[in-house]
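Got a structure here, written out as structure tokens. Questions coming.
Labels run A, B, C and D following the written order; every chain starts at residue 1.
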Amino acid sequence: MIETTPSPVLTKKDFVSDQQVKWCPGCGDYSILAALQTVMPKLGIPKEKFVVVSGIGCSSRFPYYMNTYGFHTIHGRATAVATGVKSANPDLQVWVITGDGDGLSIGGNHMLHVLRRNVDVKIILFNNEIYGLTKGQFSPTSPVGLKTKTSPLGNIDRPLSPVSVALAAGAGFVARSVDNDVKHLTSVLEAAARFKGSAFVEVLQNCVIFNDGAHNDFLAPANRKDKVLYLEDGKPLVYGAEGEKGLVHSGFAIDAVDINDSNRGQVLTHDTSESTGTLAWTLSQFDYPEKPVPVGIFRSVERPAYHEMAEGQIAEARKARGNGDLDRLLHSGVTWTVD
Amino acid sequence: MSDSNSQIILEPDGRKDAIDLESVTIRFAGDSGDGMQLTGTQFTDEAAFLGNDLATLPDYPAEIRAPAGTIAGVSAFQLQFASLDIKTPGDDIDVLVAMNAAALKVNLRDLKVSGIILVDDDGFGAKDLEKADYKTNPLEDGSLKAYRVVRLNITEHTVRAVEPAGVSAKNAGRCKNFFTLGMMYWLYGRSPDNTLTWIRKKFGKKPDIANANEGALLAGYNYCDTAELFETTYHVAKAPQEPGKYRRISGNEATALGFVAASVQAKKTLFLGSYPITPATDILNELAAQKHFGIRTFQAEDEIAGACAAIGAAFAGNLAITTTSGPGVCLKSEAMNLAVMAELPIVIVNVQRGGPSTGMPTKTEQSDLLQALFGRNGDSPMPVIAAKTPGDCFWAAMEAAKIAVEYMTPVVLLTDGYIANGAEPFKIPEISELPKIEVVHAEDPTVFLPYHRNEKGARPWAIPGTPGLEHRIGGLEKSSPSGNVSHDPENHQKMTLERHEKVASIQSHVGATKIEGCHEGDLLVISWGGTYGAVSTAVDRLLAEGKKVGHAHLRWINPLPNDLEQVMDRYKTILVPELNVGQLKLYLTGKFARKMHGLGKVMGKPFKISELVVHMNKLLEVRP
Amino acid sequence: MIETTPSPVLTKKDFVSDQQVKWCPGCGDYSILAALQTVMPKLGIPKEKFVVVSGIGCSSRFPYYMNTYGFHTIHGRATAVATGVKSANPDLQVWVITGDGDGLSIGGNHMLHVLRRNVDVKIILFNNEIYGLTKGQFSPTSPVGLKTKTSPLGNIDRPLSPVSVALAAGAGFVARSVDNDVKHLTSVLEAAARFKGSAFVEVLQNCVIFNDGAHNDFLAPANRKDKVLYLEDGKPLVYGAEGEKGLVHSGFAIDAVDINDSNRGQVLTHDTSESTGTLAWTLSQFDYPEKPVPVGIFRSVERPAYHEMAEGQIAEARKARGNGDLDRLLHSGVTWTVD
Amino acid sequence: MSDSNSQIILEPDGRKDAIDLESVTIRFAGDSGDGMQLTGTQFTDEAAFLGNDLATLPDYPAEIRAPAGTIAGVSAFQLQFASLDIKTPGDDIDVLVAMNAAALKVNLRDLKVSGIILVDDDGFGAKDLEKADYKTNPLEDGSLKAYRVVRLNITEHTVRAVEPAGVSAKNAGRCKNFFTLGMMYWLYGRSPDNTLTWIRKKFGKKPDIANANEGALLAGYNYCDTAELFETTYHVAKAPQEPGKYRRISGNEATALGFVAASVQAKKTLFLGSYPITPATDILNELAAQKHFGIRTFQAEDEIAGACAAIGAAFAGNLAITTTSGPGVCLKSEAMNLAVMAELPIVIVNVQRGGPSTGMPTKTEQSDLLQALFGRNGDSPMPVIAAKTPGDCFWAAMEAAKIAVEYMTPVVLLTDGYIANGAEPFKIPEISELPKIEVVHAEDPTVFLPYHRNEKGARPWAIPGTPGLEHRIGGLEKSSPSGNVSHDPENHQKMTLERHEKVASIQSHVGATKIEGCHEGDLLVISWGGTYGAVSTAVDRLLAEGKKVGHAHLRWINPLPNDLEQVMDRYKTILVPELNVGQLKLYLTGKFARKMHGLGKVMGKPFKISELVVHMNKLLEVRP
């Protein structure tokens, strides 16, 4: 549906708007902005066909910084607005920018439904495990015990796994990346962009002001190798500096083990299109620090997108009944003539 | 006459003993499962076919199918058909068809003294009486002395009549509504032929059911011809109607059609984002069935998403609407405000029902007016238009859409449960008579500024996909004319006033107040929305009595016609009747600082003409 | 928290209100009503401590028919109101009655959050795969292709699995039952009642008017044995008239197979407390008719309930700072005296 | 005097060269990271300690921390301190502290002619000027001729001063706000002692930081003592204040405290269901910190759940509230309507901000009044009370809670960003002075009927857990008095009117209109909410000029005082000033059908006293 005819070669600069970026210095949002500005020109899509829709939050200021069509909507509703944009004009590539509060607290329901419908929008959820814009309250992804302005004695709400929620909604493309690994982030966003159908990408993002270092324990470069599991389709599920740790089945569960000669053969292989989705689910439920934090594409399975089916029904109706004729419609039902 | 010796001899009208009537109001009432809506609709179509003017009003229970025979389960359909121009389904009823005791219990209070009651004896067993809370059988305890009661075991007659069709006992009993319809056809001298055709078409694939229904219809008709149940038959002649092609239309159908027409006129794809809610759901149902027009109907997960998707679709260039009823407007209000700020064209349809809260979902009311005007945070001006009759919903929908896209603004269209479910004859317009809708899209990057206003105050509609017009909008205050986010104090005031002025400028479209009746005098009645028919008829009656009364029915409530204040000056007294506790009255008083009288009714029901007449006369007595 | 001191012996009749039940004759809702009225008197809880909260829908008329405290709220919000009821008065046993539209369409977000917080309410979701009260539109559980008033050419929105959504939300107790197996239904509701924490029960329910027989294919008594898998904790996952079919692992997936001598040993055993939740998830994603429809308790794992943690923090704060003293609070911050 | 030869010799006041001033307005402005809020707060506390009357107003940017040095990143704190009774943080400012070029750019327009500008030279480098959009350096291009500019490289001085503390260069620079504070203390003859104590307490665990800040504070103070930067110092004497214990309080703090007090007075556990939103979040933050009162704060997933949880908690017997700002009220409106129908006591707090839509979240406005009154479907009466000053939020919160539980009704409490974030001295009441709150719960099953009303029109509050009172409520219309669902027409009208009457009857609590100034005369100014301070001061000025002006500040907007119409009669002209386009004016006009003048301001800022004075005088000239 997306037009890919050759057009003037675009560069990152083409996607930078004239508005001053107003995030805090050091905020993880900057690198996500840069990553998307890097990805867009690679897609062969004319600039005017991109639309970036957001809700409300620090992260949701994003569209102002993109030199594309953009819509900074209301809190939690970006996915719903984007559904309208894409349905009305399937020729556009629509991105949704949301936060952990915007997308999973107030906007959790629209998130569920946009994904189950497989509306062809690309969703980036900036997960800093905090409400940034309102100055530091716990969010639905904040860990239990986190002390914030509204949880002075520690958060008691168990966090959601955004990836699990996306999977339960039936999302076709579900991934996780991080703000401080630009290469990984760029590649994941590009894969999302090229996926046909709903694509959901959680990006672990640092809020330097209200939740600094939330992900440091595993994302700090020194910790990463031992604590992050990079998912690659068709590759063994291993991690550690030398790939010396890996995942193996253990009953219904998947365990993280030190690889040795006796279990080497049992190390599992990642499969983003595993039919039942069990692998993706199990990975999405990994408890850190008992298990590593999986990062990459959990699942990528295409099915007809919402607009294809909707447009298909329109075509079907037109085939069956001809193009709508207003005069005929007006005369439908019981009619009579007065002379 | 000059020749005082003239003598006119009346010619026979072909019907021996039919009594001529100007208008008749029938209410078919029975259990939800008794098919009363169908019976009423068939009778309506026949009346339309014969050229009567007519108006109908269904009255469903809130439950899908409450326990059979109970008061909660009573479903009714009222119609008035007439040889003159009528505008309501009638105040009091002439004929009550009651298929069981509960139906009698609920509906009797609206029957005229010496009106006809046709009952199915089968629905008055001990159980039925108990369910209807009757201590004794009203058919036998003398309590119906004031009426003309016609009793018949309709169920039994029906079962016997449909025996040849060989359907099950259960299905046989179900045909009793057609038996009753046949009786009514006989009583009003109507032929069963059209309904027979309809039955054959409808049940073509189930010939036994078709045969049973046909049999029942004819049996009912013939039974009356033979038995001397009724003393006489009645004749209601053709009404004088403008020549043309007509159809029956309900308000919800008309609303749906109006938007389809608007999309054709604007050459824009129609997008509906909606969530089902009584009594608005049918608009969604209707449009979902018109996909061959390219219409996109999106049943959202809730009202918020319905409104937001419409906003997204408007941003992307569709003619976008969202339909709901009061509680849904609560939920949409934040999104409606986004449309105000983003200055995007959407139409929000509120088919009003009884409130507050869940209220009385299946009953009518006009109590969401102030919500439409003010139900959002901030100074948030929004045009509000209200349809006045079922057929008028067509025109109001088109007009709402036209204003939305021409002024780049959200528009509220108010209808209500009464006109949404009620039906009337609708003169089908020629396509060429439909209003034009001008849509201009920004195209030239060299002059494009997202909040640069045209002479109407509208900002440009720049559609994603247009090269060079990439721009960003949102709910934060916008800088004029760049559209960038602005927290500048002066800019905020400027934009606030510009938003107000844009809406106010729609006055040039609204035009002058339209007055029916006297253009000056003792009493001006100001009404809005679905009370039009009753108010207008009441005013006609007073005019016929020689009273100096004028009627201004407001189509646009925001903005108001610019001469309304001067119009008010021309009358001694002003009356504002509404199906609420005085909302338009408060608004008009607030606007014009002038005393006026309010007349409210909050019973989930439309005004009766008689109530209005009585009240207006009282006011005229006080200030003659 | 729930008081269980001996009180006058209650019977089903005590829970029947004086209001006429107004569902359509034959509606599946009747049996759910009867089941709950059977369960409540068994729990040893005084009648006045039950509260039944509902949203809007045919199903949500339920509280009017129960002779308990009841609240028929607004569409989709019963879970949120119930959260307030239980938090304000932890001594009550709070039930939530909702429909597939009420609980998963407009109310999907509150459902996610009440479950992740583990608010100790018992939720019964009446799943008739249709909007009953508004007269027959497709719902978020309607199958693709279902023709309804709003989907005349067939529904194109992929249905949610209520059980999967509940699991993704982290619900501790997740079960499914059916309206036409009163014994099963009663036992599942009783287990939910006795569970400490959020309990979620999907009940497959028949709407005779707008979606008659939606579940018949597997729930009709004749079909049930072969198509329904009854889950019992600690019992093998088998079904069929003679238990001749069962579930076995196959890679990441779980397959339904005919049991024979070579695979008998591999038949899996149900475990409602399986630590990672993978089994429950996989079962919740079973596609019918390729696989049987699992019915029973998918998962039952207790953790501290929301009110326990919330009250715990209050106790903690009181221990640390003493009971709140208004005069002291008024005098906190910077104060000075004017004489 | 009789003795015309009298001679008064002034006694020295102990301060050699201090010039006496009645009031001073200072604005501290700098980058978000410069600590201006802290500086302002410290100065405020010192002024309070010395017995000045005072009022403060912070002005944050909408961004958390916009790029350093930019206009978007400017954060300011204004305070007025005085030797007389003041009610606003001041119109125009006497002293502007500008830590960088952007701060100067944004704030200069509010500086009085010949006011003092104290700038940190370090914030006026080439980069800074560029970020502030200055083509040339305003400190050097002569554009500041009208003011008294005091330049100093504060950053450099600070870094040097804190060297002994051994903190990092970055932390050293951060102390410049304390250096500046020291300078201001010197200029107004205040001792740094209290702030030194505060620093030691606050940074006790980080002694190097404590030392650095101490060093900076004293260095700034001493620098002024040595260098001849300012020509003189100023003295603002104690204000006459009622004796008693005082504290500084912001509106949001006061609101939170008011509800705690209400819960103590009502002997009810406080439940807050809320979702963060600017500028209301702090109420949630405050209450979350008071768990030892048994307070339950529930941070919900959205505003709808916050309101619904509050309703659930009210049903279960808690004193339940929900706090938000305008967009959140949109979302809560459906639930608010449920509370109207269920007749459950909750308080909905709306800390108003600039609208419509997301609008200007950090700016103040009064534009949600009509939303509070009418923003729900159906006839949905809701009491509305508005607080007038930061400290008054305490009393208004208590009163809202009292009315809610005593009348069994939802109540809206309106405050706004200005009074919510602004602070003033608050005379701490004795517990014994607090209003009583009477809560009665139904207990006796033999007389219990869910919708049986008491003499106030309130239905009984029957709490789950009470044996024998099992009952069901909901959003459908209720039968009076059984509470069962009812679709009966007469019952609906009866209940609709009863709901209206119940709210109207709160008039007996509201009492008569309170008038400041003339009780009859030429001009009546009617205000509401956070404009009280400015309007009241403006009226005082006119009174001082001998004008015949009265001021009626409305605390309750629904219901209005029952004598308001008669009060209006006593003046020739009526003026309604509001921070919106005329909402109270529309409402009052609608209620009383009387002409009045509106004065609107929609700039995200409070009224200036001078604007009001000018406008009132104009009106008085027209109608002398």
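We adopt the following convention: a contact is a pair of C-beta atoms (placed from the backbone, for glycine too) under 8 Å apart; a residue touches a chain by one contact, two chains touch by 3 or more.
Just so it is clear, the structure is predicted and the values come from calculations on it, not from any experiment.
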item: Chain pair showing more contacts of the two, C-D and B-C; value: C-D
item: Computed distance of Cα centres, chain D from chain C, in Å; value: 45
item: Euclidean distance of C-alpha centroids - chain A vs chain D, Å; value: 40
item: Chain B-chain D separation of Cα centroids, rounded to whole Å; value: 47
item: Junction residues of chain D, two or more chains touched; value: 291, 301-302, 327, 334, 338, 342, 357-358, 474-476
item: Of all residues in chain A, the ones touching two or more other chains; value: 56, 74, 105-106, 108-109, 112-113, 140, 153, 157, 310, 313, 316-317
item: Chain contact graph, described as a line, ring, star, complete graph or other shape; value: complete
item: Partner chain B, residues of chain A touching it in the complex; value: 17, 19, 46-49, 51, 53, 56, 63-64, 66-74, 77, 80-89, 91-92, 109-110, 112-113, 310, 313-314, 316-318, 320-324, 326-327, 329-339
item: Footprint of chain C on chain B - complex, ascending; value: 63-68, 70, 72-73, 275-278, 281, 284-285, 288-289, 291, 297, 299, 301-303, 327, 357-358
item: Chain B contact footprint on chain C (complex, rising order); value: 20-25, 56, 58, 61, 74-76, 105-106, 108, 131-135, 137-138, 140, 149-153, 157, 209-210
item: Interface residues, chain B side, partner chain A - complex; value: 45, 48-49, 51, 241-249, 253, 257, 260-261, 264, 269, 271, 273, 290-296, 298, 300-302, 304-305, 308-318, 320, 334-335, 338, 342, 428-429, 431, 463-476, 484-485
item: For the chain D and chain B complex, residues of the former touching the latter; value: 61-62, 325-327, 329-331, 333-334, 337-338, 340-342, 350, 352, 354-363, 365, 367-368, 370-371, 373-380, 474-477, 487, 489-490, 492-493, 496-497, 499-500, 580-581, 583, 586-587, 589-591, 593-596, 601-605
